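The same chain A turns up in both complexes below, where it pairs with chain B and then with chain C.
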Partner chain A sequence: MTAAGFHALWSHWRRNPLQLFTLVAGLALATALWSGVQAVNAEARASYGAAAATLGEGQFDQLLPAQSDTIAQADYIALRRAGWQVGPVVDGRLDADGTQIRILGIDPLTAPNGFDAVGEGQPVDLVDFLSKPTVFANADTADLLKGLGVRVIEDAGVASGMAITDVSVAQDVLSLPGQLSRLVIANQQPLGVPPLADVVPNLTRVAAQSGTDVARLTDSFHLNLTAFGLLSFAVGIFIVHGTIGLAFEQRRSMVRTLRALGMPLRRVMVLMGVELIVLALIGGGVGVVMGYLIAAALLPDVAATLKGLYGADVSGTLQLRPSWWISGLLISVAGTGVAAIGSLMQVARMPLLASARPQAWLTASSARRILHVAISGLLLAVAVALGVWGKGLVLGFVMLGALLIGAALALPLILDVALRLGQARARHVIWEWFWADTRQQLPGLSLALMALLLAMAANVGVSTMVSSFRLTFVGFLDQRLASELYVTAQTPAQSEALQAFLKPQVRVILPVLSVQTDLAGLPTDLYGARIDSTHRDNWAFLEARSDAWDSVDTGRGIIINEQLARRAGLWVGDDVSLGGSRILPVVGIYGDYGNPIGQAIVQEDLFNALHPNQIPTRFGLRTDTPDSVRKALIDDFGLPEANIIDQAGIKAFSLSIFERTFTVTGALNVLTLAVAGFAIFMSLLTLASMRVPQLAPAWALGLTRRKLGQLELTRAAILAVLTATAAIPLGLALAWVLLAVVNVEAFGWKLPMYVFPAAYAKLCGFALLAAIVAALWPALRLARTPPTDLLKVFANER
Partner chain B sequence: MNVRALVFLLCLPAMAWAQGFGGLGTQADGFTTPRPNPVFDFPQDHGPHPDYRIEWWYLTANMTGPDGAEYGLQWTLFRSALAPEVGVGWTSPQIYFGHAAVSTKDAHYVSERFARGGIGQAGVTPAPFEAWIDDWHLKGDNFDTMQMHATGPEFAYDVTLDAQGPLVFHGDGGFSVKSAKGQASYYYSQPFYDLSGTLTLPDGPVPVTGTAWLDREWSSQPLADDQSGWDWFSLSFEDGNKLMGFRLRQTDGTFFASGTWIAPDGTPTALRPDDFIASPMALSDVGGRDVPTTWRVQVPRFNVDVTTTALNPQAWMAVSLPYWEGPVTVQGSHTGRGYLEMTGYE
Partner chain C sequence: MLLQAHQLKKSFQSVDGPVPVLRGIDLSVDAGETLALTGESGSGKSTLLHILGGLDVVDSGTISLEGHDITGLDDTGRAALRRDTFGIIFQQFNLIPSLTVAANIAFQARLAGKASTDGLAHLADALGLTEQLNKYPEQLSGGQQQRVAIARALAVRPKLVLADEPTGNLDEDTAEQVLAQMLDLVADTGAALVMVTHSPTLANRMGRRLHLRQGQLA
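Let's look at the complex of A and B:
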């Protein structure tokens, strides 16, 4: 009986191969985008993890040099002899055939986290490691290190572009004899260690998790990708839902027959469930393979973006991680379950002797439509309520979900109203028929159109977010990079001479003074600034007193970045303690995009009073003749060219990074639209064969088949345009939630939102194109329907 | 790779390096091996011997607080050489690690340290004598009067040592045989230190007085390949006599025993293998391991038949290569105090 049941169920797919293809392809597409994005994220996170595990970043406090670039090894020994449990790290970049490789030297004997970063879970032969110069690097990087004259061991666990080795080897290849870059402080220290300041007054302690955690920095980027993946998945599931609904409706008579023949309902349900799981696994499997291909194609761009934006090294080669392909299959099965649950319940509730209504699915009852509208209204109300009163990241995502699903469910109603309007204005009988016929088709097409709506809204939302970020960031760069030249002294000792040399050459010298400290209990970079017209003219505040710069200039005020303001609950007018009895009012809040930690700026002299040991080594220079100043610095002062950066160079570099980001976003945009186009294509194709009885009378009344085909295309175009029109406000709402709610909760800053009408118009064009391309083949088929088929409708011989 | 695996790699050679190497006199990877009839050169020999693979400065002490409470402490610096060279800087093959512990009746505090020998973080100089790793030190103008210091997250101690007797050489004038196959080490002790100072415990500082016993030993192949661990005793009897005795457990169930009877004036008598008999009397469950913490120790030649009982049976040294080490009290034909070390019960 079971075999016969399976056979009967399978016969449906045999007779409807197109439906089977739609189902599997829909699942595969949904899974592909989802797992592709997951693969990219997993790869990037694994790279950060490898780097963080190596560096002990995030887990351990560190000691950094306050003034120079390195720590004398003698300081390390002094700390150890005082009892402090610290581990040395030598960290530098090595140029290997034009590629910068980060060399990281550690001492496995004293590193608080030992040697966990390498060995891929297997113990490293330490006697061997300590006896013979050895570096660990992943396969990409290992090749570049061949010329180093040390043994290179390939280790996939090491982050790309990085080599891990012993302190001695790192000091050697980086030409840093007797010098260390930083010291990692073990979490547990022995009793009675003296204060750090007594042993190493020239070193600064930096708390764990501050400023160095790449994973947090890049979260916003991954959030974008994840949002894309999720939306694509939702679009794919819409396709699957549509197909399953249709297939189940068409099999009502078969189910009735099976049950009439004595098969228990429970077994029918189990068989259908097993059938769906098998299909989900096949679709999911294909999707995972496609996802892998997508990820492999995207990863180099993603890696380049992350490296450029955040300095995060991400391996450019994809590894097959079980976590994501298993999750891809699971989400495929889960998605199928969600898409099928309604249909399965209908089958379960179907009376044994009910008549089979193969077209019932196309003409959804008005009761169901009212239900959809009610749910939609409820969800939109929830979204609005959360927008007004909600707080927290999770609620932000709930709001996103409610907004998108609510809007999707409302779409048929909106389209119906629009079509009614069209019908009311129709003057010609053909057009009157056209509008009425379009409305009649709406239920069958609504799922595909919802998919298009979501895909377009996602596109509008994410591209608005990325573009707003870019615009803000570019503006922010203009503010911050107002100086024409940026120079760095080679040593703190050179600082005085450099300033003396520059004084007659340039209009203004703006030293960059900073320390890592705590303000209002939060880790903060405190800057001392020489207030100049450069600041007054270029900086834009989010909120400030009118005399903000004057207050800062006279040492009577402090300005802080948005991150610090939001996290510490400070705003303009609040007081901040700078340690001791020094308390300053906040006189301005400025946007500081991309920076994960707090920042504050006080006047230079005040800074020097607070931190007398800081000697500036970096300077911004205002000059009208940057080229001649650069030349003088190189030729007359002898500063290496690498220590001089011009403003144009930094900006060009930053912008090139954004172009990379756009490559990734653009590719995902195209993919989601393609999925939506596919949904429309499949729906129209399914409808086309069923619509012959409805079209036959129109044909009999004199409409040519060619004209009917043209009308089909027009219909697809009109529906696409209407959907696109609805998608733009939805996309903008989505962008607003991402920028003003999710971003603030996740990263501590609010991005101003900009709108890009030209981009949206282009997107509408693409959507229109996708719809027309999708409708082309069904329309063509309609135009070529043999007249006999149309005649058969009247002969009742179909 | 964690430090634990590291120490296995570093210590394993020290504990069982003899695998694959023959008996006396063979050169192990260029390391020198101990030879009979040594002639020591002090103070030079208090310092390190980098051409030997393994060496230690090992001090244990039995102490009493103002309220009569008993305490034990341990201070150990190990040197393990990857190659028989001195070397300067990070590439020196001389690796040091230290173990320190304080035992009370119901607590046992342990800490360990690691360092490379070439950078100044750890080392030993013979005159003036200083053995150090990080902030831990054992130092003095000469070997007879020294200060000792160690710290851990939960304890610290600062004590002074004052020798009341001469150095004692074990085995044949300091040549101590460790197996029937001839594995041996150079081994001498200073068992006559008077100790006074302060222990810092979680409840606060405790002034203490007592006695301490320092062992110096170096070799390149101390254990034979069929030896799985040892039980080692250093006992100070109230009549002024002292006993050092150990038995090396062999995989066939037999033992290789040896020891030294030390008269009150420091005169040593080397014990023959059948002179020293140690038998476990009771096992304690120490973190899931069965460890014999009560022993019957017999030296028939000197009419010794005593029972040693651990002050704290849970004196487990939870370091990278764990072992049991703690103070014991002695009862029976003789009474007194001492230390017990047991390895290979992991």
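Let's look at the complex of A and C:
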């Protein structure tokens, strides 16, 4: 009985291969976009996770040299003898055949993390490691290290472009005998150790970056990717839902016959469930492979973005992990379940003697329409409530979801109202029929149009966010990179000589003084600034007192960035303690886009009083002749060219990092729009064959098949334009949520929102084109429908 | 006695309250007997046929098959009865559109585990369907589709064939041919036949005739 039943159910797909293709393709596309994004995320996390763990950055306090580039090994020995639990680190770059490789030397016996990051989960044989010079690197990097004369062990857990080795090997390879880059301080120290200042007065302690570590920063980036992956998955599931609904509707009579001929309902349900799971696994399997290809294509951009934005190293190669297969297949099955549950329940509740309603799929009941409108209203109300009262990143995304799904469910009603208006204004009989026929077709196209709405809204939302970000960022760069040249002294000792050399050659020298410290209990970069017209003319505050610069210049005020203001709850007028009895009021808050941590600026002399050991090595130079200053610095002062950066170069570099950041989301946007176009195409193709009974009377009354085909194209274009019109305000709302809610929660700063009408018009053009291309084949098929098929509609036997 | 029904009552709900469709039907069918159920539209004849075939349930009354009470069977029990014991022929044919003619004919027999290649070939031959076996239902005329439905019902070698206006969708000549073939084949298999029809001519060709009026046997 089971075999016969399965044979009958499966025969539906054999006879309707297009429907089967739509279902599997929908599932595959949905899974591909989802698993592709997950693959990129997982690979990136695994890759930079290893680097972060090895470095100990973000987890442990560190000791850095106050005035030179390195620490003498004698200082390390002195600390150990004094009882301090510290681990030495040698960190430098090695040129291997033109490729820069980061060499990280640690002492496995004293490093707080030991060798956790290498060995791929297996303990490393320390005796063997210490007795033979050994370097751990991943396969790509290992090849470049072959000529180093040390044993190279391939380890996939080490980040790309990095090699991990013992301190002594690193000193040897980097030609740094007896020198260390920094010391990592273990969290637990013995009682009674002497103060650091007594043992190593020449070293500066830098606090752990607990609030700003790489993982947390990149999490926000991954969250954005995940959100778009989920949106793309939702678009795909709309296709699946539509196809399953249609297939179940068409098989109602078959189910009734199966039951009439003696197959119990339970068995029918089980067979249909098994059938769907099999299809979900096939679609999911294809989707995982496609997702892998998408991920492989996106990964170089993701790697560049993460490195540019956060300094996180990501391997450029992708591994097909078993977990992707499992999660991809599970999400496919779950998505199919969500899409099919309604149809399955309808079949389960269908009375044995219910009359078949082959057109029911096309004519959604008014009860269901009312339900959708009610759910839509509820979701939009939830979105508004969360916009007013919600807090936190998760609620931000819940708001996003409620807004999008609520709007999608409201779309058929909006379109129906628009089509009614068209119908009311029609003056010619053909157009009256056209509008009425379009309204009748609306339920069958609703899901595809909802998919188009979501895809377009995502596109509008993301492009608005990116473009707003770009405008703000360019303005920010103009403000913050006002100096024509930036120079860096080779050593702190060279600093004074450099300033003396520059003084007669430039208008103003602006030293860049900074130290990492704690303000209001949060890790902050504190800058000392020589206040000049450069600041007064170029800096724009988000909020400030009118005499902000005067207050800073006279040491009576401090300005802070938006990140610190939001995290510490500090606003203009609040007092900040700079240590000791020094308390200053906040006199201004400035935008600081792209910076993950807090920042504050005080006047130069005040900074020097607070941190007397800090000697500036970087300077901004205001000059009308940047080229001649550059030449003099190189030729007369002997400063290497690499130590001189012109403003235009920095801006171009900063912008290039920024442009890469959104390449990935841009690619996902295009893919999502393509999936929506596919949904429209498949819906129109499916409807074309079912619409013969509706079109035959119009044909019989004198409309040519060619005219019918043209009207089909016009219909697709009108529906696409109407959907696009609804998508733009939705996309702008999406952008507002991303900029004013999600961005603040994830990155800590709020961006001003700009609108870009030309970009939206272009997008509407694309949507129109996609809809017309999608409608072209179905319209052609309709125009070529043989008259015999149209005549059959009027035959009694059918 | 193959089938015996006693005081069958059935009502349907409407906005004005329950509408009685069967008002106490007593009926018996012997093995191999042919019986016509006639009556006006709405007299309850199709409802009676559905109840006898286990497609619907009664509000009260009993039905026994070969002496066994089948009134209280659950959905699974009634499904087994339809599958193994009855052959049902519908006015709308109810073929499975995605299966070929051959697969449609064999379908119920396969469900019941009774499919035999020879038996199917014989039925196809007797009903003039041999040339159509690889076609799909949509490629057949109405008469051919009803012949497929008859073959499907008989392929399971049922004890009782229940036919609900099997020629209602066919023209007069085709209806005559289909009925003749159905009666011959039913006689060959020794099954009993209960047929609902509007046509007095067709009813007269059956061994016995019962007329329903407003839910009661007249």
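Please note the rule applied: the second predicted complex is superposed on the first by the 783 of 798 C-alpha atoms of A that agree within 3 Å, B and C clash if a C-alpha of one lies under 4 Å from a C-alpha of the other, contacts with A are read in each partner's own complex, and residues count from 1 in each chain.
Criterion: a contact is a pair of C-beta atoms (placed from the backbone, for glycine too) under 8 Å apart; a residue touches a chain by one contact, two chains touch by 3 or more.
Please read these numbers as outputs of a predicted model, since none were measured by experiment.
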- request: Determine, under the contact definition given at the top, whether A:R427 touches first (chain B), second (chain C), both, or neither.
  value: neither
Task: Figure out whether A:R349 sits in contact with chain B (first) or chain C (second), or with both, or with neither.
output: neither
Query: Touching A:M1 in the superposition: chain B (first), chain C (second), both, neither?
result: second
Message: In the overlaid three-chain picture, which partner chain does A:S131 touch, first (chain B) or second (chain C), both, or neither?
response: first
- prompt: Is A:H12 touching the first partner chain B, the second partner chain C, both, or neither of them?
  reply: second
Message: Help me check something: in the complex, which residues belonging to chain A touch chain C?
response: 1, 3-5, 7-8, 11-12, 14-16, 253-254, 256-266, 352-353, 797
Task: Provide the residue numbers of chain A that touch chain B in the complex, in ascending order.
output: 73, 77, 80-83, 85, 107-110, 114-116, 118-119, 123-127, 130-131, 166-168, 171, 188-193
Message: Show me the residue ranges of chain B that touch chain A in the complex, using the header's touch definition.
response: 1-3, 5-6, 9-10, 13, 82-83, 89-91, 93, 95, 111, 114-116, 119-121, 132, 134-135, 151-156, 200
Statement: The chain C residues in contact with chain A across the complex are 50, 55-56, 75-76, 79-84, 88, 90, 94-99, 103, 107-108, 110-113, 136, 141-142, 152, 169
